[in-house]
Structure formats: structure tokens, C-alpha cells
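Next come two complexes, and both contain chain A; in the first it sits with chain B, in the second with chain C.
Right, the complex of A and B next:
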């Protein structure tokens, strides 16, 4: 099919296989002689391994541990502080100490039970609050903005100073397919297959762990049932485990997690605490604001420093705040490491700033939306890092349009009347305004990623897309094929896009940061255009394109100044809720959402991102609850964690605004992360509107609501 | 490694099943939706069930629902799906059933399984308690009838002899839903596939401005359903709407018998507060005469 407008929806390339249940995921793969691995994990949060007593192993069963690692005993990410096998110190409950490998899982589980490890336990840091109290283990910190002295001066002259603390909880990815990785030994070479987002992250980790050459390892993505960031950094560790084991036993080794293991040991969204200090004048206008962000990094650094960057860069939301200062820290705790998750620090910041702005509005006696609009950034305005919002900003139009569709004022009045008459149920409406910087922060694309893409044309005139990005359900097989097809003027079905294999794809970067369509798609667009110009029927041709950096205000990572992103996507969410004041349960009402993502490459795929992203974002605000007690994750099943079902989520009415960005293919910008960000703050604002109570945390679970309502009732009684 | 398989029985007749139970201690499987979860092993390994298994959910004798002498009999192996479709099942039960799990589990899970699993969060139990359900247990010796509150002794603890099978649930003197105010509320973290954090069933009859009958049961706030005949009795013949002192006394009484716990699903504070709020709301929200 050739579509006139690229936005027109087509059937996804992998649709039939997926719907028919035919697509083999990694856990469906069986190989001759294949062995399974199971990990022995630390039962304690912090301590020294004194001795390990292995059980007697039956024939064909092996222990794979630190002593088998040819290279350094760390998973290569940013900082070498994450052991592949923690044989000296353990830093969190669930940290892998060694792996047992053998044919029968049943035997392996029995053997695991017979292992005896002696530890010297040390005092652990279990919570972010503990870590903030100590401030001893800072994994990363950044600070920027106006000097604190000049802010202090403003504060001294202000009418009042508002200080707030805000907290966000864990979020778990709940990809449908739990993590899985297979290591295959082949004539002195190691091949790793599995569920993943970032082939070259894994490859680099393997080269480091195996201390081998580039051509001695090969990474192949297998069909991936969802990632959401959970398969960005975490799979590198599993890849090291199976690769080392396969090299030792010279057989394929499979490592698969079931849901409860996955829930308890894999990375999560960083819990955070955000402190705001805002100076106001008599009318409630903002004079200055300073923000402190604390992220719970968990037991090792992982990608946390980068998550902190994005959290800070988004800490002022979509607002032009006069005299702004931001500082942030990633702190170590002896809990499961936190890592990448759709939004990458931004969801915490937006939940926080939207909450704070809503509370400031109340102090100023204004409707939250009206108050926020006064501070909205416009085209040409500086960013908080002294970059520029260079492209048109349609937020005002999007808001106006939604106010009309939702009949905002009438609805508010109707809800007020309803709430006066209804003792039990209370209705409210809330709005969130947000953006997402597309691609890597600052000069990351130029300095760190240096993406390369390749198009291969065969003698039969078939065109193959050769990139290292994963389709994990988000649909890049389809969207990127459409981009190439459109340039070549052929049906998108004819473009071949096999699962990537590092043996024959260049490094086009990881599948993260809402960068794939915009950055990689643009390179493919250029490659396809060149291929068309040079097309020779019957000849094999190869076109390679490299990332070209667009001139911006140069980014300085040390001072945190310049253009942090080449482009921004924007969103407005309006959400209605009905709160049961007896139980604290929240039922979603009408949901409207508008987005500026430049240009949709496929409307239905974008709609999928909107519906899924918003479900995940809304649930982050009031449903999904994960807690850690003495370093142990408490929710070991999906039921206990409580992601929304189709009965909890309502129809999401969404609208797209075309605002083509020259740096993206057909004008496309990032979409994947943006759609999650507005859910939680909108739902919080709606719950606050319904109950006329302020909240300072997400998720706002029924437990939180009931506690607040009881407290308010208690206070009311005290006053009488 | 030899994997030992378990014996399993699948008899055509209830009689044979009962006879087998007398010979051997079997794990009874009706819908299996609790059994399979309870015996689940880690990934890739079959469930661990000790001893032989006897399947019962195909036995037509256990799937009958009928009225006899004003009592409603529900076969132990009636599934949620079947009960939803049946005209004799009281609508307040149907309301509760619609909040159990999701359609797939409702097509397998049975009322007998819910009772015998004896979970504090079992969603049929609050209503069965306030309907004064009686259970028919059959063994080769014959039938024995037990009150549900005597049968359920604690989490997963029931007063069933090894050779007995629960064959029927009897709801005596089925209440007329027209003249009785009946409520079931399930409070959980989401709207499907969720386990109750608190549940509440209430029954209230008012005649000539006075309380004629009042029954309440709370789920997931203790090891078994919380019901108190003593507290209920205090309400009898009280004027309705209840005077504030009467209401406060009932709420205070329940507050001393409801002692929930903190766990991964909720907090003790929430459970108790909400349980009492639901009770208070139930006793004040409706005009009855």
C-alpha cells in the first residue's frame, strides 16, 4: 500500500503474526542441548559475602560465578559499580551472586534451596528519606540556574514564601513479556538473543565482560513484548550472565524470569522527593522558585545520572518562571536498582511542578489552569538552561480548543452542584500541561551516540532496513518502513526490516528517549532519498547515513546551559474523575488529550502510544503502587501491584496538531514518552478539585485519600 | 531425574467420587482456580500437588440450582458464570459475582471452591454469611449440614472431614429482595482481577418504622468474615432512621471487633476506617419504611 499522506494508518508489519500468536518470543525458543540458568540472589540488603557452600552438583550441572568472568566483574553502563556476580559485597536483596546451570529447572530450584551462603550483614539504607538524612552516598548531582544569593534577596522582599515537599513512588514497567535472554556458544564466538531495546549497549557490555574482540560477540533481538525502558539497561546484566555461562559450558544457556522474579529484581522508575521554595507577591504572582530533586538510585548507578538530568531539565515544566534555580541528586539506597522508564525522570518532575503550580493557584485564589496559563512558555522564550524554544508553540490553541470541547466552565459548575448534593461521590476536573524534549539530552546524539543507519538494496531490488533499533511493540517496523517506502515510492510492505543482528546492522543508537522516529527516521529518510537518486536496477547497493548535528545554542554539560534538546513535543490532558469519599476509590470520567508531535507517521500507531502511555501515566498517579519494606519489594504479582485493566481505563479522546519539525522525517517529533507524562498530574489535579484537598504525593491511592479526608474531618471537629 | 506424576480421578458419578474420598485423601479440584495458584511452582516446573487429585466440576449432581421448601439450593460446582445466568440467584449475589476476577476465571471458579478455599478475601463469603448459608457435606455415611460460620475456621482452614465433599449450599428462607435492603461492596485496587482489601455485605429490614432484621458481614478485615449476632441484635426493634446514639454504638461495637492487618495490598487503618464508613453509610443512606 502506498498512502497519499504518510499519517494514514496501515496494517502493522508484524500484526498477523502477533494476533495469530505465531511469533516466537525468547521463552518459546528451544535448542538441542540447551541448559537453563537460575540465579542465586542475595537474601540481605547490604553485607559482605563470607563463604559460599554449594550443594553437590549432579552431572551436567554447573556453578557459574565471578571466577568465570574473563573481563571485569561489572556490567558496563556508565560507572563500573554493578557487579555481574556480586561475590564480595551485596548491595540489595535480589542481587545475583552466582548462577546454577543445568538441564532441568526443577533440579536447579532444588539445588538453589540447598545453597548456603554466610554473610556479614552491614547496616543498610532502605529508603530515600534515610539517604537524604545521611547524604553520604551521592551518585550524581547537578545544579544550575540563577544564583542562590540573588534568589535569597528576592525571597527577603517577597510577600510570602511557599515551601512544599512532593513525593513520587516506584513504577514498574509490567511489559507483557518478562525478561529473557539466551546465550549461544558457537566455535569460540558468543551469540546472545533476547528481549531488548538496546543491542549495542548489550554488545558493549559483553565485550567488556568477555574481554573479547568486537567480532567475537553477536547480539540479536528476539521479538520483544514491551519494554518501556525496562529493557534498556537491565538486559545487559542478563546478557553477561548467559554469555559467560555459555562460554564455560559450551552449550546454549537460557535465563528466563517469571513474573514475580521480574517484579522483584528488575529496575523500576526512581522514587523521588522534590522540594520547592517559591517566593510570591501579594497577588500570588511568582517572584522566584528554587527546586531540589532527590532520586532514589537504588543500589547501583545504572543510568541514574542521565535520569537526573532529564528530571532537572523538566523541573520547571512548561513555564517561564522568573529567577529559577534547580539542584538535584541521585542517592544510593540498598534497594533494587532503579533505571530507565518511559519519561526518564520527566514524569516525576511534571507531577511535582504541576502539583506545586496547582497549589500556588489556590493560594492566589485562581483556577489552576488559568494560573498556569499565565506562565506558559511561548515561541522564542528562553528555556531554564538558556536555550530557546525555537519552534512554534501551540499550547494556547490546544488549551482553548479543549476548554471548548469539554465545556470546561459549565462542567466545573455542574460538578460543584453535583458535589453539594452528593454525600458520597465527588466529581472533579483537572488539567496537565507538559512537553518532552526529543532525543538524547544536549549533544548526546553527536558526542555519544553517533548514529549510523544503512539501507541495503539487493540484486533483486529488495530494500532492507539495517539499523540497531528494536521494535518492541511500538511499531517501528511499520513506521520506519513507511518512511523509506514513501521516499522510494513503493508499498511499505515491500521494505524488508528483519529483527536486528549486530553482525549486520550498524549502531543506530539505542531504542530510547523518543529518538527512534525523529532521529533514526530522519537518517533513513535521507538514506532512502539518496538510494532513489542512485538507484540501479539489478545492482546491489548500500547507502550509509551518519547523524548530522543541527546548529543550536551549544550545550554545556558542566554548566547545564544551552539547548538541551533539538525539539520538543507538547501535550495537554484534561481528566474528569469521580471520587468515592467513603472508600477513596477513583473512577475516571471523560478524558481528553491533545498533542503536538510534529507529524504522525501513522495515526493508529500514534493512537496506540497515546492510549497506552496515558493509561500508564494515569495509573502512575492513582493506582500502581509498589513499596519496599526493609529493602524488599512487597508486591510480587500483577494483581497486588494493580496496573489498570480495560475496566479501569475509559475511552481516551485525543487530537493531534501538525507542527512539522524540519529535523524530523516528514516533520515528525518524539511521541512515545510524551503521552505518559501528563496522566499523573492531570489525575491529581482532578482529585484535588473533587475533594478540595491538596495532595503532596503520587500515587494518590484510596489509602492516601481516606487518610487525608479523615485528617480534614478531624481538624474540622477540632475547630468546633 | 524422574518426575513423579500424581494419580487423578475423574468419575462419572458423584457416588463413586464419594466412595473414593473414603478410601484415599485426595486433593479436590473443582474449577482449580485456587488449587492451581496455591500449588504453583516456579517457572517451567509443574505444580506440586501431593497425593491424588479428584476432579469434580463435571458432576451434574453438583451443578443443580433449585428451590425446595422456600430454601434456595445451589450446587457446589456451579460456576460464577452459571450463577450469573440463573434466574433463582439473588441479584445481590450477581452484583458480587460481576466483581469477581474476570470472565475467564468466572467460567471456571465455583461457589464451592470459594467456600472451601476459605480466604478472608473470598467474595462470596460476606453475602453467604448474612444469608445464613448452610452447607451440605456428603460422605459415604450420608449428609451432614453445617452453618457456614462453623465450617470456615480460618484462612484455608475448614471443618471438612477428609472423606467429605461439599455438595450444596443452602440459603434458607431466601429473603425477599423487594422489601429488604441488601448491599454488597467490594473494595479493591482495580475493577477486575483484584483481591478485596475490604468487603461488606449488609441486610436491613424495616417494618412500621422499626428495624425488623439487620445483618452485616465484613471481609478481608480478619482471619474470617466478621459477623456479630450480638451487635446485630442490639438494632432489633430500634426506630428507623436510627438515632445518632444507636448508630454510634453500633459503629463503636464493630470498631472493637474489626482488627485488620497491614499487608502488600492495604493498611489496617484503611481497612478499618473504610469498613466502618461503609457500615455507617449503609445504615443511614436509604429511606426505608
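Right, the complex of A and C next:
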């Protein structure tokens, strides 16, 4: 079909196969002679491997270890500190030491049990607090903003200084499809296929590990059952494992995680501690603010330095704070490495700043939303890195509209009356205001990614989209095909978009950072426009487009100054809760959400991002709890961890604001990550409103609620 | 030898009675529509109908199936009810990554066959054994509500 307005929804390209269950995810693939791999993982958090006793292996079973790696023994990400197989030292529980490969999984698990490894244990750093106490292993640090001396001067003259510490916990992706990767050996070449977000990250990691040429490795994406960032960096390690094994045994090798292995050893959202020091005048107005962000990087650097950048860039939220200073660190602990997760550092920062601003509002005797609105950034305002918010900002309109739809004032009054009469159940309403910088930070797109896209028109006049981005459920097969179809003015069904294969597609960059629709979509829009101009019916034609950087205020990564992002998406969430003060249970009430994402390429797909992202964000605030004890992740099953079921979530009333961005296709900006960011702070603000208690952490689980209520009662008794 | 009905045909297997139904379906019968998301009965991705009730096939030892009637997504996709669900899931945007979807469809059938006119609360309860991490469930709930209307008389 040809739609008039690109936002009009169409049936997704992969809908039919997915509903029928006949799309082969990697665990559905079987090959002749295929072997399985299982990993022997470190049972200790930090120490030296002294000796390994392998069991007697039956015929056809092999040990694959560091000695089989032709290239460097590290997974190529940013820093070469993540071994493919631990050599001498192990740095976290679950670190792979070697892999056993053979035909029967049952036999492999039995053999794993018979392995004997002698370790020399060393004193490990288990928690972020331990690491902050030591400050010895700093993986990355940045500092920017106004000088601390001038802030100190302001503080000396202030009416009061408010200092707060805020903590956020782990978040686990729980993509429904566990990680899986298959390595295939074919005539001196290696092919890897599996569940992934970033084909060329994997390809580059393979070239490094196999010390081979570009044309000797090939990466193919399988249908991917959810990613959320969990399949951004982690799959590169699995790809190295299966590729090395396949090269040694010269047979296909499959590595599939079951859920408990996936929960315990894969990357998670960084736990964080954020410290605020804010100077206020007598009326509670902000005079200055300095922020310190600490991220628990886990045992390897991975993507943590980039996560820290985004955490810092969002540390002042959507506010124009006079005299702002920020500093941040990624600290090493002997725990499972943390990595990419939808929002990439921003959810921690927004939870923190929204919480802090809410608390400052109480000190000033104001409604949190009213207080926050005083500091809202406007079009033309500088960012905290002296960039500019150069496009229209509709936050005020979005807030005004929501106040009316939700009958904010009346609802608040009604809740106050309800709470006065109800000793057990308490109702509250909370708001979060947030943004998301779209695409890579700073000049990342120009200097590191350098995206290229290709359109191929066949003799039959069919058009194929050739890019390296993954559809992992977010629907780019559909949205990007729509962009191309609209430009060419052909029915969307005529655009073909097969699962990408590096042999066949150029590097259009990874599927991350809310960049795919905005950056890659724009390149495809341009390619389609050129194809239309040059269209020759019956001829095979190829159009290639490269990323062109839009020069803004140049970004300087050393000083952290300039435009950190080309564009921003914006959001407002309003959430009602009812809290049972006896059990600490929180029940969601009405939820309203407004977003400015430029222009929706497909309204239904965007709504899917809103509902799914908000469910994850809300649950991050009050449900999902993952803990590590002595370096060991304690939640080994989905139920232990507690992601929301259909019973926990309620209808979400959402609204989109058109605010076309010239740098995006049809004006589109990023969507995927934005939708998660506001959930946790809105739910915290609502729980605080219900109970008239301040919280300094997420998730606010029933235990946290009960504890804080008991503490408040204790304080009340003390006062008497 | 265990004998039961699978998607309408009588099948026999000499696999051990302790083998999980999920493995039998995927390994012996090449029916890949039932997915393994957890292996512990928590996620519902492996849902099948056993005597018209929704069950996690990862928790069923095949010894328990003697004489039973099992329907997987492959069998169910041949029914007119499936066609309605397929269409309604598309119109309502109930499918993202697709990994939970076949199980969700099976749970929907189990719900509607017992209660053709469920309230929103009953729908949420009906699919509460099936996890979805992409959609936040609401568009799946919408799909089922739409199916109730469109499938008038089918359930």
C-alpha cells in the first residue's frame, strides 16, 4: 500500500512469520555435524588460575581455550581488557576460562562437572561502595562545567546547602530470547550467525581475534528476540568463542545460553551512585549545583566510558541550572561486566536529578512539578556543555496539556482527601520531565561510525535495503522500508529488506543509541531520492550514500564542550499510584505520557515503543531488583528478578507532538530509549507524593517502602 | 512407547517418558513454533494446548501425555480462530520481537475458548503466565479485545 502520511500504520513486514512461530531464531537452527559448546566459568571473583585438570574426553569432544586464539586474546570493544578466555587471572564470577565442545549437551555438562581447577584467591572488590572507598581502579573519568572554586564561593554565601546521595540498582534486559551464536567453518572462512544488534562490532572483534582478513569472516543476523542493548556488546564475546571453536574443530559450533546462565553472566545496566550538592537561597531557589556520578563498571571496561558520557551529559536533566559542575567515574569491581541497556546511562541520571529536584521542591515548599518548570530549558538555551537547544522545545505545551487531561489539581486534592480518610492505602501522583540526545555522542557518527547505506534495484524493479542494522523487534524492517517506499512512491510491500549479512551489506553502524531511524533512515531517504531521479525500469541499479556531518558547535571530548547531540527527543510522564502502606505494594493507576519524537514514521510502531519502554522504565523504578553478593548475581530465574507481567501494567494514554527535525527522515528523531527514561522517576515521585516520604534509591521495592515508613514512625516517636 | 494426539494426528514415540514435551516437539517433530525462553515454566514462550488447556511444554514429561491431545502453534495456525488472532495482533501491534508471540497466541486461544467475552482484567489474568518484554502487554490486550469483537461466534 501507499500511505498518504508516513505516520499511518501498516502491517509489519515480519508479522505473519512471527505469529506462526516459523521464523527461525538461532536456537531453531540445526546443521549436520553441528556441535555444541559449553563454557567453564570462574567460580571465584578474583584470583589466579594455578592449574586445570581436564576430564578424559570422549572421542569427538574438545577443549577450546586461550591457546587456540590466533589473534589477540581480547574482545575488541574499546579497551583490550576483556579476555576471550581468561589466561592467568580471573576477574569475576562467570568469566569464561575455556570451552568444551562436542555433540551432546548432556555429556558436555557432565564433563564440566568433572573439571578441576585450582585457584589462588585474592581479595576482590565486590561493590560500588567498596570501589568508591578505594578509588584505585578508575576505568574512565570526565569533569566539566563551572569551576569548583567559583561554585564554592556561591556555596559560602548561600542560605543553605543540600547534599544528597542517590543509588540505582542493576537492571537486566530479560529479552525473551536468550543469547545464542553459531560459528560455521567453511573452506578456511568463518561465518557467524546469531542474535545480535551490531553486525560490524562482531565482525571487527572476529578479525581481531582470528587475526584474519576482512573477507575471511562473515556475520549474519538471525531473527533476534529482543535486545534492549543486551545484544549490543555482549554477542561479540560469544561470536569469538564459536568462531575460534569452529576453526579448530572445522565443524559448526553452537553456543546457546539457558536463562539462568544468561541472567548471571551477561551485561546489565550499571548500578550507580550519584551525589548532589546544591546551594539554595532563602526561598529555595537554586544558586549552584555540583554532581558526582559513580558507575559500577564490573570487571571489564566494555562500553562503560561511553555510558558514563551519556550519564554525565544528562546529569542536569531538562533544567537550566545556574552554575553547574559535573564529574563522573566508572569504577572497576570484581563483578559481571556492565554494558549497554536502553537509555545508556541516562536512566540513572534522570532518576537521580528528578528525585533531587523533587526533594528541593519540598524544601522550597512547592509542588515538585511547579518547581521543576521554573528551571525548564527553552529553545536557544545553552546545554550544560555549552551546546545549544536549537530546535523548538514543546515541554511547556506538553505539561499544560497533561495537567488539563489529568485534571492535575483536582486529582491532587482528591488524593489528599482520600489519604486523610484512608489509613492503609495512599494515593499519589508523580511527574517526570526528560529528554534523550539522539544518535552517537558528539562527533561519533562522523569520526567512528561513518555510516554507509546501499539500495539495490533489481532488473525486476524490486528495491532491496542493504544496511547492517538489526530488526530486533523494534520494527526497522517496516519503518525503514516505509521511508524508502514513500520516497520512491511505490507500495511498501515492494521494498525488500532481508536479514543483514556483512558479505552483502555496507557498515551502516550499530543498532544502538536511538540512531537507526534518524541517522540511517535519513541516509536511506537520500538514497531513495537519488534512485528515483536515476530510475531506469528493467535495469539493475545501485545507490550508495555516506553519512554527512551537520556542523554545529564542534564537540570537544576532552573538555566536554560543544553540541553533544544533533537533536533531542522529549517526554513528560504522569503516573498515579496507590500504595498499600501495610505491605508496601504499589499499584499503578492512570498513566499519561507525551512525547516529541519529531515525526512518527509509523504510529503503531511508536506506540509499541512507548508502551514497552515505559513498562521497562516503570518497573526499573519499583519492581525489578537484581543484587550481587560476594560477586555473585543472586537472581537465577526470571521470577527471582521480577519483570512485569500483564497484571502489573495498566493502559498508557500517550500522545505525540509533531516537531519535525530537518536532519531526520520526514522529520523523525529517536524513539526507542526515550520511552524508558521517564518511568522510574515518575513512579518514585508518585510514591513520594502518596506517602509524604523521600526516597534516595531505585528500585523502591515493598521492603524499601516498609523500612522507610518504619523509620518515619521511629522519628515521630523520637520527637515526642 | 507413548501414544498421543499431536495437532490432530496420532503419534507414537519411544523417547524416555521423562523427556520434556518441548524437546520432543522441537527435536523429534521439528516443530519450532514452541520457543524456550526459560525452561522453568516462568515465561510461557513454550505454551501449547494439552486437552485444550494452556500448558508450559517445558514442564511436561511426555510420560504424562499418554492418550492426551496436544496442539502446538503449528496445528492451531490451521484454524479459523488463528486467522482472527493473526489479523487482530497485526492491527493492534501485538507483535514486536516475536519470541513470545506463538505462546501468547496459544494462551489467547485458551482464554477465549473458556471465556469468549473476557473483561480487560480477565484478559490480563489470562495471559499473565506469558512474559513479553517488548510490548508492555497493552497492545496484546487490545488485540484480544479486538478479537472478541471480530471473532463473533468463533469462540
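General remarks:
Operating definition for what follows: the second predicted complex is superposed on the first by the 720 of 720 C-alpha atoms of A that agree within 3 Å, B and C clash if a C-alpha of one lies under 4 Å from a C-alpha of the other, contacts with A are read in each partner's own complex, and residues count from 1 in each chain.
The rule is simple: contacts are C-beta pairs under 8 Å (C-beta built on N, C-alpha and C of every residue); 3 or more make two chains touch, one makes a residue touch a chain.
Please read these numbers as outputs of a predicted model, since none were measured by experiment.
Between chain B and chain C, it is C that contacts the larger number of residues in chain A.
When the shared chain is aligned, chain B and chain C each come close enough to touch A:639. When both complexes are overlaid on chain A, the residue A:326 reaches neither chain B nor chain C. When the shared chain is aligned, no partner comes close enough to touch A:209: not chain B, not chain C.
Residue contacts after overlaying the shared chain place A:258 against chain B and chain C alike. Residue contacts after overlaying the shared chain place A:647 against chain B and chain C alike. Of the two partner chains placed around the shared chain by superposition, chain B is the only one that A:106 touches, whereas chain C remains out of contact. Of the two partner chains placed by the overlay, only chain C lies in contact with A:23; chain B stays clear of it.
Of the residues of chain A, those at positions 258, 638-639, 643-647 touch chain B in one of the two structures and chain C in the other. Of all residues in chain C, only 26, 32-40, 42-43, 45, 73-74, 77, 85-86, 89-91, 93, 95-102, 105, 123-125, 127-141 touch chain A in the complex they form. By the touch criterion stated above, chain A contacts chain C in their complex at residues 9, 11-12, 14-25, 27-28, 173-178, 223-226, 228, 258-259, 472-475, 604-605, 607-608, 611-616, 637-639, 643-647, 649, 651-652. The touching residues of chain A, when paired with chain B in their complex, are 36, 104-107, 109, 256-258, 261, 423-424, 582-585, 623, 625, 627, 634-636, 638-640, 642-648, 701-703, 706-707, 710. Those residues of chain B that touch chain A in the complex are listed here as 1, 3, 41-45, 102, 185, 187, 189-195, 197-198, 264-267, 269-270, 273-274, 277-278, 281, 285.
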